[in-house]
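Let me give you the structure first, and then I'll get to my questions.
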C-alpha cells in the first residue's frame, strides 16, 4: 500500500491510465464518428462486426497491424517513421495535466495551461515531418498548408486564452475549475459580467480548436478531394493508424481543455457535491466531466459532417481578418472591464 | 441580332467554289449546307465566328469509294435556331485541311480527334498529337479500310 | 495563331513543378488525368489528358444495324442515359421520317426529365464531395434512389437505360407511375428547400464558389460549351427552347440563367433546373394523352442516303447525333457530339492562374462525366 | 473582398441553419436496406438475364429455335440450336446458350422473338468466382418447374 502511494508509482499508473484512455478513445471515437456520420446521413453506419458494430475498431486495428508498413523509395526513412510517434506523444503528455476530477489528475503543475499549449504546438511539427519525409508532391503541399494554418490559428487561440486568464488569474487548470464551482452560471462560458463576449470567446476557441486539430471544415492536411490524403498519402498500416489515433487524441485533448476552461470541468453546475459522498463525489465529478467532454466531441463530429471544406486562403482570411481582430477586441474589453468594474 | 439565313447564304455564295444548299431544319436538323474547297474553311470559320456562331463539332467521313475524305464542321448559334454545316472534301491519299483552331480554340480537341480517327492532317495545328487514342497510335480506326 | 495553348500564367516564384492529377484522383470522378504545372498552390497551366476509357462507340455504330446501337447509347453518359437514347432515336426517326405517337413523346419527356434530375443530384452530391462536404452526397443519393425506382418500374433498368425505340418507347408507363411520380415531386420540393438551407446558403460554400472560376460567354462560344456552363454565364441557350424537339414546345418552363459566370452561377443553374424539371414532369403528366406508345416502323430499317442531325439538351448540355447514311442497314458514319467534351476543353484556358482547390471546384462545376468525354 | 460587419454574424447564422438541418436528419430512421439480410422485391419489368418461357399448357419451352434472337443480339451472346421432333411441324429448342458476361440487357432479343418464348428473369443475386459461371445454359437455368410466375 505504501508502495502504491509513492509519487513515481502513482505517476506511472496515471500515465498508463492516460495511454489506455487515449487508445480506447481513439479506437471508439472512430466508431462513434462513423456511427455518427451514419446517423447524420440516414444510414446505420458500421454494424456488422459484433453486435451493432461494437467490434469494428478491433477489426480495424487488426487489419492495420497486419499490413506492411511501406516506406516509399527516396523517402527519408528515419523521419518518415518518426513522424507518427511525434504526432501522438504530445497529445498524451498534455492529457497528464488535465484535471478529470478534483484529485484525478496525473500531474498537477501550476502552469498546466502553458504546458498544454507548448506541447500542443508540436503537432504541426509532426505533420510537417510526415509531409516532408514522404517525398510526395501532395504531401508537401499539405504540410505547407498545415504549417501556415496552425500558425494562423494559434494566435487567436492564445488571445482568447489570455482573455480567460485575466479573469481567472491562474494557469493552474485545477484552480481554474475550482473557480467555476457552484451553479452553471459560474462557468466561464456564462460569466458575462467578466466579459459580455464570453460566449463569443468560446466560439473562437472552438473554431481554433477545430483548425488546430485539422478537423473539417479545416482539414487542409488531408483534403482528400484535392490532395488525395495530404501529408498521410504515403502512409499505410499502423503508420496511418497512429495518425488517425493522434487526430482523435487531439480532439479529446481539445474538448477536455474546452471543458476545463469554459464549462467548469468536473463541476456539476448544480452546486457542490455533498462532502458526505467522499470518494464517490470524485466519480460524480468525473461523470460530469466526461458528459461535457463527449457533448463537445459530438459537436465536433456534427460540424464535420455538416460543412464543406473551406478554401485554404479563406481559412487564413478567417483567422487574420475576423478571429484575431475579434479576439483582440474581447481581450481589450475584458481588461477594461476588470480595471473599471469593482469585483 | 444574328444574321439571317439569307445573309449567310449570300455571303457563302460569294466565296470561291462554294456550293450552298438550304435544308429543311425539321427534316435534316440544319438549315444551310455549305460545301467549300479545303482552303475556305478558315475564312468560313472566321465569318461565322464573327457573327456569333460557335463550333458545335467537327468530324470526318471516309468516302473510300470516291477516294476522298470529307471534313464536316457543324456550327450552332447560342441565340438563334440556325445551324450551319460547312463541309469540304480532300483527296484520300493526302488529306490536309487548314486548322480552324486559331479561330475557335475549341476546335483544337476536335481536330486532334479527327486526326486520330481519320488521319486527316490539320495544317498549322499547334499540337496534333493523339487525343483519345494512345500516344503511340499509328492507326486511324474510322477509316473504312481499317482492320483491327 | 492563338498563343494561349502553350503560354501559362506568369510564375510568381520562378519555380514550378508538374503535378499529375489522375488518372486516379479523388476529384477526377473517373479516369481523367490533368497534367498541371504548378507554382506552389497556383495552377500555371493545366493540360487534360483524356481517352483512358475511349471505347470507339462511333465505330460500333458503323458496323451493326441501327437498332443494335441502342444499348450503346445508354453507356456514353451513364448519368443521363435517356437523353442519349433520345438523341439517337431522334436522329433515326428524323432520317427515316418515322411518326412518333404523342403518348410516346410525353413518356419520353417525363422519363428524360426524371433522368435529368437524377443526373443533377449526382452532380450535386459529387460536387459537394469535391468541396469536402460528405453528407449532401448521401441526401442526394437518397432522393436519386427514388427516381431510379420510378425509372426502374418503367424501363426495367436503373442506370444504363435502353428504353426508347425507333417510333416510340419500349413499354407504356407502368401502373401507378403517375401517382408515384406526383408523390415524389411533392416530396422533392421540400428537399430542395433543405438543400438550400444546408448547402446553397452556407457561407463556406458561397465563399468557395462565388467569383471563382469565371467563364465568360465569349469563352463558352469559343469552345462550344453548352448546357449549365453557358447558362451559368448568362446566355439563355437551351436546346429545348432554341430548337424545340419532342413535345417541349407544348410545355411551359423557364430556362434558369445566371449572369455571374462563376461556379456559383453554374451551381444555381443546376439547382433551378431540378425545380424546372419537376414542373415539366407535372405538366406532362397532366397532358399525357392516351394512345399507342410505339409507331409504325419497318422491320428492317434502312435510312435514306444523306446525312441528318438531331440535337437534344442532355443534362450536361447540347448533345448532337449526326448520322451519315449510304442506304444500308448500318450507319455509314455516326458522330456523337457530347457536351462534356466541349465543356472540358475550356478547362485548360479557364483554370489558368487559379489555386488548386479553386481549379478543382471549377472542374467539378463543369459536371464532367468521363465516358461522355472519351466515348 | 467586400465584407460588411453584418456579414460575419449572418454567415455564422447560415452555419447554424446547416447544423440544424443535419441534426434533424440525425434523428430520422435509416433509409438503407441491410443487404443481404434484407432484400428488395424487383419490379415486374426488372431486367435480369433472359430466360426461356415454359408454355403452361404443354409444359414445354415455347421457343421454336428460329434464331431471330441470335441475329438481333448486338453483342452476339446467344447461341440457339433446335431440331424437329418426330411428328411435329414446329422446331423445338435443343440448346440455348447465353454468355451473360457480354449481355447488355437491351431487350432486342425479346422484341425480336416471334413466339414470345423469352423474357427477362428477375434474378439479380448473381455472384461467381469465374467468368465461366456466366455462360448460361438457359435450358438448365432455372430448371423446369422452378420457374416463377
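First chain written, first letter: the chains are A, B, C and D, and each begins at residue 1.
What we mean here is this: a residue touches a chain if its C-beta (ideal position, glycine included) is under 8 Å from a C-beta of that chain, and two chains touch if they have at least 3 such contacts.
In this text, all values refer to a predicted model and were calculated from it rather than measured experimentally.
The chains that touch chain B as well as chain C do not exist here; no chain meets both. With respect to chain D, maximal separation of chain centres occurs for A (centres as means of Cα atoms). Just count the C-beta contacts per chain pair and the biggest one is B-C. Chain centres here are Cα averages; for chain A and chain D they lie 50 Å apart. Averaged C-alpha coordinates put the centre of chain A at 44 Å from the centre of chain C. Centre-to-centre, using mean CA coordinates, chain C is 25 Å away from chain D.
Averaged Cα coordinates give chain B a centre that lies 42 Å from the centre of chain D. The set of chain B residues touching two or more other chains is empty. Among the residues of chain A, those touching two or more other chains are numbered 40-43, 305-307. Residue positions 12, 15, 18, 21-22, 25, 31 of chain D each touch two or more of the other chains. Of all possible chain pairs, the ones that touch are A-C, A-D, B-C, C-D. Residues 1, 3, 8, 12, 15, 18-19, 21-23, 25-32, 34 of chain D are the ones touching chain A in the complex. Contacts from chain B toward chain C in the complex involve residues 25-30, 52, 54-57, 59, 61-62, 72, 74, 76, 78-81, 83, 85, 101-102, 104-106, 108-109, 117, 124, 126-127, 130-134, 141-142. Those residues of chain C that touch chain A in the shared complex are 17, 19, 25-27, 38, 40-41, 128-135, 138-139, 142, 198-199, 202, 204-205, 207-208, 355-358, 360. Contact residues on chain D toward chain C in their complex (touch as defined above): 10-12, 14-15, 17-18, 20-22, 25, 31, 43-47, 72-75, 104-108, 111, 120.
Taken together, the chain C residues at the contact with chain D in this complex read 64, 67-72, 75, 135, 139, 142, 145, 149, 152-157, 160, 162, 165, 170-171, 174, 194, 197-199, 201-204.
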